[in-house]
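Should a chain be cited, it is by its letter among A, B, C and D, assigned in written order, with residues numbered from 1 in that chain.
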């Protein structure tokens, strides 16, 4: 991969990283309402996958969706404002971290229900296939979601009807406070095989690998609609949600994660491709400035008016 | 098409909607070649092809969720769930996803999907194939619920539901599927029925019976019985359950001062409770007597003819309730 | 298999066959309320499986459950009365064909919801494992049920927790009015493999084969609790339910089914093992008499009293 | 254990029930080593071992159904569903199986399972983690539903639910988990609370407020406010929603002649509707004014503090309702 491409991917990952680190602080300061699930350590997956996508393609996500959302190109200011529950948020402050969506970018929403993105995205893929423009749908889900029955239903229908859907599993080994291996007697490669769905595995912390594989899969899908599964092994660095002290996790395991830090790996890759420390610093500064601006705007933005509670429940008033 | 059966009116509404709008498509179990368990989709596969009529695997959660995703992607899916009892498998997708998407996404889009499903008894189909669960959906902000009582309404409410930008549950009473009624021959004469508006089926001055679905005919029979005694009962067909036509009911109550609510669903915690509760608030000053409900007893719908007949509400119970409130 | 064993199995199949043929007539005469799904052509599966079971083992079933029920040893009179909706029925006439149950025989019920028997039986298997008596649980389901997500959840949990459950799939190729192949992109052998569950396939119309394989699987399960899958290829001779004219099915296909009739096959096997025509006739006569007695008793039995509608909703009255 | 928190009382009830009866076992997501998302099962894995405390995969339908099957096989399973919103994935098993087995099998057996689940807001957890869906279950014959408002009730109702031979949904209000209250030290002094019986929390002669769960404390606050004006409000905690203590409410109404029903759930088609509807029938002659309800508006529970605060019912709304009915 060429340096400029690596740099672009690096920058996008850094936006996600810094955004989440900023949110982490804001949460500690009591400024983020509700649950906050951070994807620190997992940034390479959505950044790599999104390289293959346009605004016509749809994605849907889960509870750990900040990376998926930002990588799909949604507005950073609207994103921050939403997570802080402000009126200027992408969802007018009504959804928050677990429900960020931007339909104009094909981002059909984070989701608070494990596995729920699967049928929604399968249906989106059906719609895209009917519309015949070669667009594809991507669903992000975790390894814990492999236990939900709806996965089975969707793999079956996607395979049966040859739908242009990319099933992207972020396998971080954890399902909340439990190692997922204690919850599964199967694995995604075996399931994909059972349904005759093309399966690929990548190191989900190497953004170039994710990007290359996704590009190949999506390209094939645009030509001949058919589902594919992409399993990305990745690393959840923080707790299940902010406030989770991860007592259940080995300290050494967490410490070792930095070895596999996707941003560190991408910085190394850039250096190998001729990138300079100055270049990295420049990116970092630009990202910091962007994050700071979005944070400030969100902090200063007004709260939604409680008079608006009944707004948008329905499109129009019936009866 | 005079003498059109209820099920045929549903079929016609689907055909007309598909004709009018290429984004409308159907998905459900055995709805294609077989034309649906109750034949609501008969010939639609032939007419519109497999790219508009999807015969699905037995995967209620997935097909309902797929409708949500397709609706968010510009289509107007109409899902058939073969028996309302099976919507128990679709609840997450209906309640957590379809109902909430618009609001929790800050009004960015909407979910123009329809879920059609038959409720009710009369087929001796037993406890897992006879339930009337509309009260659940009426309790969920973001969903609309309609329940037609005759062929013309089955047509008009379904067309309106498909046009509606938000998710609508269309509850069809399976015992009414064979009911006959008029439907105009010319497509342009077939009318949509506004969601949220009820209809006075029979005017009266002495008491009001509010009902929907199969209970409307029972209410009419009860009104006839009462008329023989010189008591004029007004019968309202709600047509829509969520939202329901509060002002129509209130207006009727201000004239009749007595109210009975009747439906086939279990009485306790049913749709009738909400109607009574609203009237016990905004209509309180109008009431001359207790507001009574007629609904199924608190038991699963039994199999077997005698038991099911005894279980299902009927006109006699409405008459008895009317006599009691008027007493 | 020895003659007396073959004869016993033959007799049990014949009880199911004749019972259903009788029900078919009663239905045509308008005497059976509700839906009636007949298992004619599938009798060998439950008869073969039940050979391996005792009253301590549990089974649960689906909408096409007459064979499963009778093979588990429930009382024929109570069975007929139930299907006719009589007060003397096993369920006091409140369940009917789709809900026949006999808890005293470990028969946890037919079921009107496709796939619903799966988690119920998985839970029963967990209970049996906890109780530590070596009992096993059996769930019967059709090929159409393979599309329901709950199958995935149950295969996973059964494999993960090593539960003594036998998943018996009656693969008759049909799901209502559709060939199941149009609904599935997978098959049960592949799914079992994905979960590391022992898989066996048998000709479900050869009762001795079903019995032998079931005996082996159940025996292993009693010793070392672990799930197993048994797929039985079989034949649905009648329509999905009585009243279904099967227009969607090739006439030749239906005609050819008699070649594989499990009762015909078992008669042949008996002949090969030295059975005489007299022996067969004797069995047939005894079965006919039994069925006739049960039918008459059911026809004469009283209907449930409508005063009883609220009975048995709860065990005791609270409040 | 004076000053026991609500969540600890739940924990104690589970421990005591498991101690008392070897057939009681627990199943749920992250309930083992992690002790549950809200810590209801803390230390129970250590105490009773993995053969009594099953940490399950994320498979709500399966674990609920497994409880049905285990219950039919002689055990007393207690399922935890992490948020009530996720019961949308368990509905078939609860409604078509657990609720109906006894009746449709003709009383042959019963399904002694419990499903515990937290409802309600206050955590800014948004539309898919805050719903109060108890009205659904109350509408289903064969299920019982309880909703404790304080630690002692959390203990007593859960013990009673586990003892009960039929399926019971125990709805815990998650905002109350940190609430403190008394629970006796000696196990034998810890009392079960009869399902179906309510309690007069505060006596009064001028009006009755019926509530349950988190709304009980709001009703008490409202009663205090009114007391300052010399208006004595009686507060009833229903404790059980299905069945609910109709005679206690009626008896109170015959003394106070004014009624308000308050709960955190969405008002429309909520539990309050049934209570009002019954009283508008059997209590009609006792009513001096309209029966009013206080509940959440007809919108998904919004995320964000200001919105959620405005969305959740509070004591002021109960006061306003009292003033209106007394006016």
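Annotations
In this section, contacts are C-beta pairs under 8 Å (C-beta built on N, C-alpha and C of every residue); 3 or more make two chains touch, one makes a residue touch a chain.
Only a predicted model underlies this, so the values are computations on that prediction, with no experimental measurement involved.
More contacting C-beta pairs link the chains of C-D than the other of the two pairs A-D and C-D. The mean-CA centres of chain A and chain C are about 46 angstrom from one another, to the nearest whole unit. Averaged C-alpha coordinates give centres for chain B and chain D that are 30 Å from one another. Between the CA-based centres of chain A and chain D the separation comes to 36 Å, rounded to the whole angstrom. One finds 40 Å separating the Cα centroids of chain C and chain D. Shared interface positions of chain A, i.e. residues touching 2 or more other chains, are given as 93-95, 99, 111-113, 147-150, 153, 156, 160, 182-184, 313.
Chain D has residues 56-57, 59, 61-62, 85-86, 88-89, 92, 96, 103-104, 126-128, 141-142, 298-300, 302-303 in contact with two or more other chains. Chain contacts in this assembly form a complete graph, since each chain touches every other chain. Against chain D, in their complex, chain A makes its touches with residues 33-35, 85-86, 93-96, 98-99, 111-115, 144-145, 147-149, 175-178, 182-184, 248, 303-304, 306, 308-310, 313.
Chain contact summary for the complex, chain C toward chain A: residues 147-153, 155-157, 159-160, 182-186, 190-191, 193-197. Listed in rising order, the residues of chain D touching chain A in the complex are 29-30, 32-34, 37, 55-59, 61-62, 85-86, 88-89, 123-129, 297-300, 302-311. Interface of chain C with chain D (complex): residues 58, 60, 89-95, 99, 101-104, 108-109, 111-113, 116, 118-128, 130-131, 137, 149-150, 153-154, 156-157, 160-161, 311-316, 318-319.
On the side of chain D, the complex with chain C involves touching residues 25, 51, 54, 56-57, 59, 61-75, 77, 92-93, 96-97, 101-110, 141-142, 144, 164-166, 194-197, 240, 243-246.
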